[in-house]
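Since the structure comes first, as C-alpha cells, the remarks are kept for the end.
Every chain is named by a letter (A, B, C, D and E) in the order it is written, and numbering of its residues begins at 1.
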Amino acid sequence: MDTQFGWLLNLVCFLPLVGALLMLVFVGRRDVVAIRRTTVAVAAADLALAIPLWFLYRPDGVEFQFVTRFDWIASLGVQVFLGADGFAVLLILLTALVGLIAAISSFAIVAHRHKEFCAFLLMLQTGAIGVFSSLDLILFFTFFEILLVPAYFLIGIWGGSRRLFAAGKFLLVHLAGSAFFLLGILGLYFFNADGLAAVGLAGLGNEPAFSLPQLYSVAAVIPTRLQLWVFIAFFLGLAVRIPLVPLHTWMPDALVEAPMAATVMLAAVGVNIGVFGVVRVAMPLLPHATAAAVGWVGALALIGIVYGALVAMAQKDMKRLVITMIVSHMGLAVLGLLTFQEPGLSGAMLQLLNHGVSAGALLLLIGMVEQRRETRLIGEFGGLARIMPLLATFFLIAVLSAIGMPAFSGFVSRFLILIGVFGYSKLWALTALGGLVIGAACMIWMYQRVFFGEVTSERNEVLEDLDRRERWLVLPLLVVILWIGLAPQPFLDRLQPTVDRVVERMNVAVGQTPEADIRELTVTTPDGDDPSPGGS
Amino acid sequence: MEQAVPILFYCLAVVTIAGGIGVLVSRKPARVALSLLVVLTGVTALLLLRSAVALALGQIIVGAAAVGLCMAVGKRSPTGVSSFVHGFAPVAVVVGLAFGAIVAIGAIFGVQAPGQGDGTALTTVNGDPTGNVVAVVRELFTAFLLPLSVVLLTLFAATIGARRMVLGPAEEPRGEGEVEV
Amino acid sequence: MTPPAGRGAEPVDFSALIWIVVISPLAGAGVNGIVARRSGVAQRTRRFLALVGPGAAAAAGWALALSWWIADPGKTVRVFDLGRWISGVELPTAAGDLMRLEIAMSCRLDGLSAMMVALVVTLGILVHLFAVGFEKQERDEDRSRLFANQNLLLAGSLAVVLAGNLPTLLVGWELTAVASFLLIVSDHRSARGAAAGTRMLIVSRIGAAGLLLAIAIAAFNFGTLELEGLRRALLADLSGDASGAAVAIGLLVVLVGVIGSAQLPFHVWLTESVHTPVSASAMIVSVATVAAGVQVMLRFAFVMEANAAIALAVATVGGATFVFAAMVALVQLDIRKLIGHVAVAQLGLALLGIAAGAKWSAVFLVVLYALCLTSLVLGSGVVVRSCAGARDLRRMGGLSEVAPVSFWSMFAAAVVLAGVPPLGGFVAANGILARIFDAGIVDRGAFGGMCFLLWGFGLLGSALAAVGLARLVFMVFFGRFRGDEEPASCPAETVPAVVFGVAAPALAALFGGAIVGLSGGAGAGTGIEWTLTAMTALVVVAGIGAAARIYVLDSGLVRAEYLARRLPTTRRILLAGLWIDDLYRLTLVRGAIWAAARLDDFDARVVDGFVCGARHTIVGISWLSAIFDRLALDALVRWLGDGFGTAGRTLQRSQVVYVQGFVVVMVIGAAVLLGIAFAANV
Amino acid sequence: MIGATHFLVLSLILLCLGLMGMMMRRSFIAVLASMQLAVSAAVLNFAAYGFRLSDLQGQTLAVVVLAAGAVQTVLGLGLAVGFVRLKEASEDDAAGRPRS
Amino acid sequence: MEPAVSIALLPEVILALAGCALLLVGGERRRTPAAPVAVLALAAVMVAGVAVVVTGRPDASPGPIAGGMLVIDGLATFFRLLVLTVSALILVMAVGPLGRGGGGGAELAAMVLFADLGAFLAASAAHFASLFVGIELVTMAVIVLVACAPGGGRANDRALKIFVPNAALSAVMLYGVSLVYGAVGSLELAAVRLHLEVLAHVNSMVVLGVVLIACGLFFKVAAVPFHLWLPAVVGDAPARVSAFVAVVPTIAGLACLVRLSSGAFSPVTGQWWVVMWIASAAAMIFGSVAALVQDRVKWMLADLWIAHAGYALMGVAAGTDAGTRAVLVQAAVAGLVFPGAFGMVALLESRERSEIRISDLSRFRSGGAPAVVGIVVFAGALAGIPLTAGFVGRWFLWAAALEAGLVWLVVLSLVATVVGFACCARVVVPVIVFDSRPEDASGAAMARDGWTVAAVTLCGLAIVVVGLWPVPLVEWAVGAIGRV
C-alpha cells in the first residue's frame, strides 16, 4: 500500500463537494456570474489537481497507490479507505475533465436555479470520483448510491418534458439494483467475518471487513456456491448501471430527458461505473462465479451490442440515438472483460475512456445544435455541414471515434477487445463484429441525414457555427480522442496493473478449483445452514 | 365438599356462559348490564371455588362499579338499541368460534400445566394463617407495589382524561395568529 | 520485426524516407484542412499548400523507390518500425502459449511496395497538379477541404501500400476509406453524394471488420501479425492440410480486396462515387482502389496460389465483374458513370489475373489502369466543363476540336486500356487470358473446367470493355456536337497543370505499355498461345469496330437509339445495374430499418414494459389496496347502516373505518398466526 | 375432579364470547361489557392455575388486571359520554361518529 | 425479595409526580396560561433523562429491582432515553400550540409523561405484571392524548379506533400471559426462561401463550394485520399528536418484544421465529405498498411507519444479539426520523387545513433552501439512502437477518425498501418544484414556528450525523445489550 500523495486523491475526490457546499452557503442565488465562476474554478481546480495523478502513478505493481485509510465505523470494520490504481486514475481524470466541460457547457442551457444546478453537478463529480477511488466496499456502495441523488435532481428539475417520469424510473431501477448489490456485500461480509475461520484461515479479528485488498487476498477461498449468490446480487446491481440488456430501459428515458450537461456527465462518466464495478469488485472477488456465469453474461452483452445498435437505428432523436448506442458500446466492454485475458481486459477498460470522450463529445455537440435550433430530431436537419462546417468536422471526429475508426480512440479498444474475444469464442467475435458494423451504419446514417444533403429547413440556414467558447469546450475531448487513438501505450501501461490483477485472479478460477470448494464448504450459505468447518 | 365442587363448577359455568350469551344478544343496555352482572357473579363464585378470595373481592368491587357505571351511562346512551341479526354478527360468530377452536386445539389437548395444588397453600401462604386476602394484599404492596401504583396512577389519569372527554376535547384557541400566513 | 540485416550499412536512410512519404500527405491534409481554410489565406498560398504534401510525398516516394532499386543491389525485403503503437499486451494463442502483442506501425519495402509507392505518389502529385490548375478556374472557397481530403487519401493509400503488418494495413485501409468517404461527400449539397458516401463507409466497415477478424485469427492461430511471418505461416499451413484458420484468413483478406477494388457485389460504392469533383474522383478511382483493393490482393496473392478454392472464388468474382461492368458501361449515358464502370471492369480483369496466377500481367494491367483512368477521369472533367457541366454523352460529340489535349490524351488512354494490340493493355489482358487458358490445360486440378468459362468471361469482357471505351471516345469526341449550347473551349485545357494531369499519365501508359508490350510480347511461342493472342486481338478490334460502326459512322446516334428500342429490357436491366443496388436497398437497407423499427417497438413495449410493468404492478396493488379499503368501508357502512335502521340517511363517505372491522381482522390475524405457529410446531 | 383444564375451557368460552361481543355489538355499552367478559376469562385462568400451582402471583396479577380493566371501562365510558355530548351538541349525525 | 422501592425508580417517580402535577395544575381552568405547561413537561422529561442516566446501570445483567418487577439494564436505559428523546422532541414541537393556551394542554402534556412512564415500565420489565401494566399505560395515555387532542368530534372518533381493538387485543394478550403462567408456573421473565429451558419440548400451551402475547405486542408496534388503527389514527390526528401516537407505543412494544425474544421466550425459537418472520414481512410489504399511492402525507407516514416497524421486527426475527442490536439502532433511527418528519408536516398544518396532501408540500418552498434540504434529508432517511440514519438502521437489520439466514426476508425488505424509495421520491417532487406551481399560490406559506423548526432541525442534524458517523449510536446499542 503506497500512501504517498494520498492527500491529493482525497482532495481530488472531495474538492467538488466542498466547493458545492461552500457555494451553497456563501454565494447568493441571484449572483449567476459568481455561481458560474465558482463552479468553473472548483471544477478547474479539481482537474488541475487530478492531472498530477497521471504522472505520479507508477504502473509497476498491482498495489493501490495514493492510499489513505482511517476508521469510519470501527466496530463494523468500515473504513474511509481511498486509493487508486491506473484504471481508477484514468477514470478520475476523465471525470474531472468531463466535469469541467459539463459545468461550462451548462451555462448555456440552464435557465433557472443556477446555484442548485452547479452544486448538483459538482456533487455528481464527487460521487463518481468517490466510486472510482473507494477501496472499501461500503464506501464504494455509499458513493454508488449518493451519486443517484444529484443525478435524480438534475434530471427531475432541469430535464425535458417527461423529466419526472424519467427521473423516477432512473432512481427506482438503480435503487432496486443497488439493493441487490448491498445484499451481495452483506454476503461477502459474513464470509469475511465467519467463513474464514471455518476455512481454516485466521479470522479477521479487528481487521477492516470491507477492505477490497483484504477481500482480494481471501477471494480464492470463498466457496463457489456463496460466490454464485453474491455474484448474482452484484450482477443485478451492476447490470443496471452498465446497462446490460434487458435492464437498460431507464437509460434512454433518463439521459434523454436530462439537461445536456447532466447527460454528458452521466453518459460519459456515470455509465462507466457499472463496468468499473465489475472490474473492481465482481471479477477479482468472485472469480469462480464470474467464470461460471460467463456464458450468460456474455450472451447478454452480445445481445446488447446488436440490439443497442439496431434500436439506435430506429431513433429519430439524435440524443436518443447516441444514448441508445451506449448499450452497444458497454456491451462490447463487458464482452472484453469476460475474456479474462489481457487484450480483452485492456480493451474493455480503454473502451470506457473512449466511450467517455466520444459520447461526451457527441452529446456536447448535439447539445450545441439543440441550443441553436431547439430540436434534436434528425428529420429537422440536413445539410448542416455547409452551414456549420466546424461543428460538422468535430462531430465527424466524434462519430468516427465512436464507430472505431483507426487513429481515433475507439479503434484501439475495439481492436484489443476483438482480438481478445476471438481467442475466447469465435462466435462471439463474429456476432460482436456484426453488431459493430450495424452500429457504425447507424451512426454514419445519422451523420449523413443531419449534415449532408440540401438544407431542408429555412431555419437551419441561419444557424451559426461554433463560437470560440464552444470550440474550446469540445477540443480537449477531441485531443484525447486522437491521443488515445495514436498513442495508446501510456494508457495501456497504466491499465496494466489492473489487468494483471484480474488476470491473476481469473487464472486461479479458470485453471483450478479452489481449495475451499473441494472441501464442500457450506459456510454462511444463504440458506442459513449451520456453519460447519467442513472436514476431509 | 370435594364432591360438591364439580357440581358447583358446572352449575356456575352454565350460569356464566348464559350470562355471557346474554351480554352478546341483549338488546337493551340494562339487560346487557344485568347479564354482565350474572357473569361477574358466576366468575366470582368460581374464583372462590379456586380459593381466590381476595380476587373475588376485587372482582365484586370492580364488577359492581363497572355494572353500575354501565347502567348509569347506558340509560343516557343514544345508541342503546342494538340488534343481533344484522351487521357483523355472523362474521363475528364465525371468527370468534374459529379463534376459540384454534386456541382450544392447542390448549385443551396440549395442556401440561405443572403443579398439583389443592388451594391450601393459597389460604395460608408461607405458613401465615392470615388467609388469602392478607396474603394477596401483602403481595400487592410488596412485590406488586410498582404495578399496582402505576395502575392506580393510570386510573387517575384515565379518570381525568375521561372527564376531559366528557367535557369535550381541547378547545381550539381563538385565532390569535396561530398560523402566520 | 526488423530484420537485423543491413541495419548498420544502410546506404540510404530508408526509414527517414518512409517517414516523409507517409507523413507529408498527412501533414498536407492537416495544413489544408486547418491552416489553409482560414479566411485570411490567399488563393495562391492555398494552391501552394495543396501541392506541398503530395509534392513532398512524390519526391520522397520516388527517392525511396529509386534508391531501393538502385542503391540496394540485393533487393532484400526490408521492414521498418515507425513507432510502437501497442506493446506488452499478452495474448494467449491457440498453441497454448502467450504471445506478446507488439504492434508497431511497420513498413515493408520490397519490389511490390516500391513500385506501388512510385505509382501512387506519381498519381498523387499529377492529380493535385491538375486539381490546382483546374480548380483555379472555379474560385470556390471550399477547395482546401477537398485538398485536405485528397491528401488524406494519399496518406492512407501509401500506408496500405507500405504496410508491413496487418494492423498497419488496417489503419491504412481505414484511412483510405474515411478519405474516400470524405471525398465522395465533399459536395455537401448533393444528397446523392451523401448517400453514396454513407454506403461506401458502411461497406468499408464490412471490410474493416473482415480485416480485424483476420488479425484476430492471425494473432490467435499463427501468433504473428507481420506480413512476412504470416506469409510463411500461411504457406506452411496451406501447403499441408489447410486449416480452417488459414483458409479463413485467406477468405477474409480476399474479401477486403474485393471490397477495396469495388468488385461484385460491392461495386456500387465506386460507381456511385463519381459525382464528386473530378480530382477527387480520380484519386478514388485510380489511387484508392489500387491501394485498398489491388494492393491487398497482391500482398496476399500467395494465398490464392496456395489455395485453389480461394483463387477460384476471386477469379469468379473478378471475371463476373469484368463482364458485368463492361456490359453496364455499354449503356451508361453519364460520362463519369461510364468511366466508373470501365474502372470496375478493368479491376475485375486485374483480379482475375491475380487469381489465375498471372501476377506480372496483372500488376502491369494495374499500372496501366491507374494511369489511364487518371487521364480519363480528369479528361472527362475538362470535357464536362467544356459542355457547361452537362455530363450526358448524348449531348456531346465532336469535342476533339474544342478540347484537343483531352481528346488525344483520352484517346491514348482508351486505346491502351481497351487492349489494342500491341499496346500495354493488350499485352496485359492477353497475358492474363493466356494464363487462365494455360491453367485449364496444364493443371486442371486447380480450377478445373472453370478455367475455360473464366477465359470465356475474360474474352467477352475484353470485347465489351473495348466497345465501352471506344463508345466513350467516339461519343464524346467524334461526330458532331449534339448539345444545345455550343461548346466552349475550357481554359483549363491549356493550363500546364491540367495538361500534366490529363496527358502525362496517358502518355506514360501509352509509351510504357508500348515499350513493355513490344519487348515482352515476344515471349510467347506455342501455337495455342499465338491462337489465343490472335483471338484476344480479334475480339478487341471487333469490339472497337462495332463501336465505331454504331457511334462514329452514325453521329446522330440513330443506330444506338434503334438498338436501345430493340432491346429495351436488356437496356433497362443494364442501366439498373442488374438491380443489384435495388436489391440492397430492398433487402439490407429496408430490412435493417424494418428490424430496427420493430426492435425499437419491442424495446419500448416489451423490455421497458417489464420494467414499467413491475412499477405499475406495485402501484396497482397499492391502488387496489386503497380501493379495497374504500369499497370495503363503504360496503360495511352501508350494510351496517341498513341493519341499524338508518337506511336512507346519507352516510358519510369518510375515512371512518368501522372500528369493529379492525377487531375482526385482527382476531383473524391472530388466529392465522396461531395456526401457522402450530403448523411450525408439528 | 375439576382441574385447570375445566377452567381453561370455561375461560376460553368466555374469551370467545367477549371477543365476539367486541366484534359484533353495536351498542358501545355492550362492547364494554364484552371487554369485561374477556378480562374475566383471563382472571379465571390466573385463579385456576394459581390454585393448581399453589402460587399467589397469578392471583395478585389478576387483581392488578382487574384494576386495569377498570381503567379501560372508565375510559370507555368517557368516550361514550363524549359521543353523547357530541350528539347533543349537533344533531347532524353525519359528522363522522361511529355507529357504536 | 427485593425491596419494593429503590432509588433506581427515580425517573419513574419524577415522571409520575410531574404528570400528576400537570393534571392537577391544568385541570380546572379552561384557559391555562399554558406556556408553563410545556416548560414543566419538558423540564420533567429532562430531569427524568438525567435521572435515567444517573441511575441507569450500563453494565449487563443487573439484578431486578422493585420487588422483582423491573430490571434496569442497558437495554432498559437505551429505550428509556430513546423514549425521553422522542418525547422531548415532540414536546418542543408542541410548545407553540400548548403555549397558545386553550383547554386540555395540561392533560396532553401529562399524557405524554404518563406514556413515557408506561414505556419505562415496559422497557425494563422483569415481570409480566410490569410489562402488561406498562404497555397498557402507554396505550391508555395515548388514547387520552388522542381523545383530548384538538380536532373536534373526530378526536373521540380516533380515540375509539384505538380503544376498541386495544381492548380486544389486550384481553388476548392477557389470556396469553395466563396460559404461559399456567404452563411454566411463574410470571417472572427470568423464571419463565429457566422453566422453558428445562421443558423437554415446547408444549402447545406455551406456544399459544407466546403467540397470543406476541399478537398483543404486535398491536402496539402496529404489525400487519394489527396495524389497522395506526393509519386511521395517525393519518387523521394533528401531526404532533400523530408523531407521538405512532412512535412511542411502537418503541415500547419493540422493547417488550426484544426483551421477550432475547430473554423469556428465547427457548421457544421455532414458533417465535415464524411469527416474527410473518409479521415482519407483512408489515414491510404492506407498509411500503400502501404508502405508495397515499396522497395524504400523514397517512403515508403512518404506512411508512408500519414498514419501519416491519424492518425492526426483522431484527427480532433474527433472534441473535446482532438482531437485537439492529432493532435498537433501528428504533433509535426511526425515533429520530419520524418525529422530524411529522414536525415538518406540522409546519404546514393549520386549523383550517389539517389534511396535508403531497401537493401541499410545495408550500415548503416558502421556507427556502433549509426547508427543501430538510425535506430531502427526511425523505432520504425514510427511504434509507446511505449517509442518512435511515440507511444505518436498515444496514444493521439486513446484516443481522442475513447472518441469521433470513435471506428471503432480506430480499422482501429490499423490495419494500425500493418501493419505499418511490414514496419518498414522490414526496420530494413537489418540494423540488419541478415547476409545478402550488395549488394555492395565494394560500398559506409554512408556519413559522421557531420551536418546531428547532426540533425538526435537531432531528435533521441528528439524522445526518448518525448517517455519517453512526459509531456512537452503535457502540451504545452494543453496550446496551451487553454482549456481541
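In the analysis below, a contact is a pair of C-beta atoms (placed from the backbone, for glycine too) under 8 Å apart; a residue touches a chain by one contact, two chains touch by 3 or more.
Computed from a predicted model, the values in this text were never measured in an experiment.
Student: If you apply the touch rule, which chains end up adjacent to both chain B and chain D?
Tutor: C, E
Student: Could you name the chain whose Cα mean is nearest to the mean of all protein Cα atoms here?
Tutor: Of the chains present, the most centrally placed is A.
Student: Among the chains, which has its CA centre at the largest distance from chain C's?
Tutor: Of all the other chains, the one whose centre lies farthest from chain C is B.
Student: As a test of whether you follow the contact definition, which chain pair has the most C-beta contact pairs?
Tutor: Result: the chain pair B-D has the most contacts.
Student: For chain B versus chain E, what separation do you get between their C-alpha means, in angstrom?
Tutor: The mean C-alpha positions of chain B and chain E differ by 29 Å.
Student: Suppose each chain is reduced to the average of its Cα coordinates; what separation in Å results between chain B and chain C?
Tutor: For chain B versus chain C, the centre distance works out to 99 Å.
Student: Centroid of chain A to centroid of chain C, CA atoms only: how many Å?
Tutor: That pair's centroid distance is 36 Å.
Student: Please compute the C-alpha centroid of chain A, do the same for chain E, then give the distance between them in whole Å.
Tutor: 42
Student: Show the residues in chain D shared as contacts by 2 or more other chains, in ascending order.
Tutor: Touching at least two other chains: 4, 8, 15, 18-19, 22-24, 26, 46, 48-49, 52-53, 55, 57, 60-61, 64, 68, 71, 75, 78-79, 82-83, 95-96, 98-100.
Student: I need the residues of chain A touching at least two other chains; which ones are they?
Tutor: 172 - these are the residues of chain A that touch more than one other chain.
Student: Considering chain C alone, which of its residues make contact with at least two other chains?
Tutor: Within chain C, the residues that touch at least two other chains are 615, 640, 644, 656, 659-661, 663-664, 667-668, 670, 674, 678.
Student: What chain-chain pairs meet the touch criterion?
Tutor: Chain pairs that touch: A-C, A-E, B-C, B-D, B-E, C-D, C-E, D-E.
Student: Contact residues on chain E for chain A in the complex?
Tutor: Spelled out, the residues of chain E in touch with chain A are 369, 376, 380, 385-387, 395, 398-399, 402-407, 410-411, 414-415, 417-418, 421-422, 425, 429, 432-434, 469-471, 474-475, 478.
Student: Quick check: in the complex, which residue numbers of chain E touch chain C?
Tutor: For chain E paired with chain C, touching residues are 157, 160-161, 164-165, 168-169, 172, 202, 204, 207-208, 210-212, 214-215, 219, 224-226, 228-229, 232, 235-236, 270-271, 274-275, 278-279, 286, 289-294, 419, 422.
Student: So in the complex, which bits of chain B are touching chain D?
Tutor: 5-6, 9, 13, 16-17, 20-21, 23-24, 26, 29, 32-33, 35-36, 39-40, 43, 46-47, 49-52, 54-55, 58-59, 62-63, 65-66, 69-70, 73-74, 76-84, 87-89, 91-93, 95-97, 99-100, 103-104, 107-108, 111, 113-122, 125, 132, 135-136, 139-140, 143-144, 147-148, 151-152, 154-155, 158-159, 161-166, 168-169
Student: Could you pull out which chain D residues touch chain B in their complex?
Tutor: Going through chain D, the ones touching chain B are 1-2, 4-10, 12-21, 23-30, 32-34, 36-37, 40, 43-44, 46-57, 59-64, 66-71, 73-75, 77-85, 87, 89, 99-100.
Student: In the complex, go through chain E and note every residue touching chain D.
Tutor: Chain E reaches chain D through residues 128-129, 132-133, 136, 140, 143-144, 147, 153-154, 156-157, 159-160, 163-164, 167-168, 170-172, 174-175, 177-179, 181-182, 185-188.
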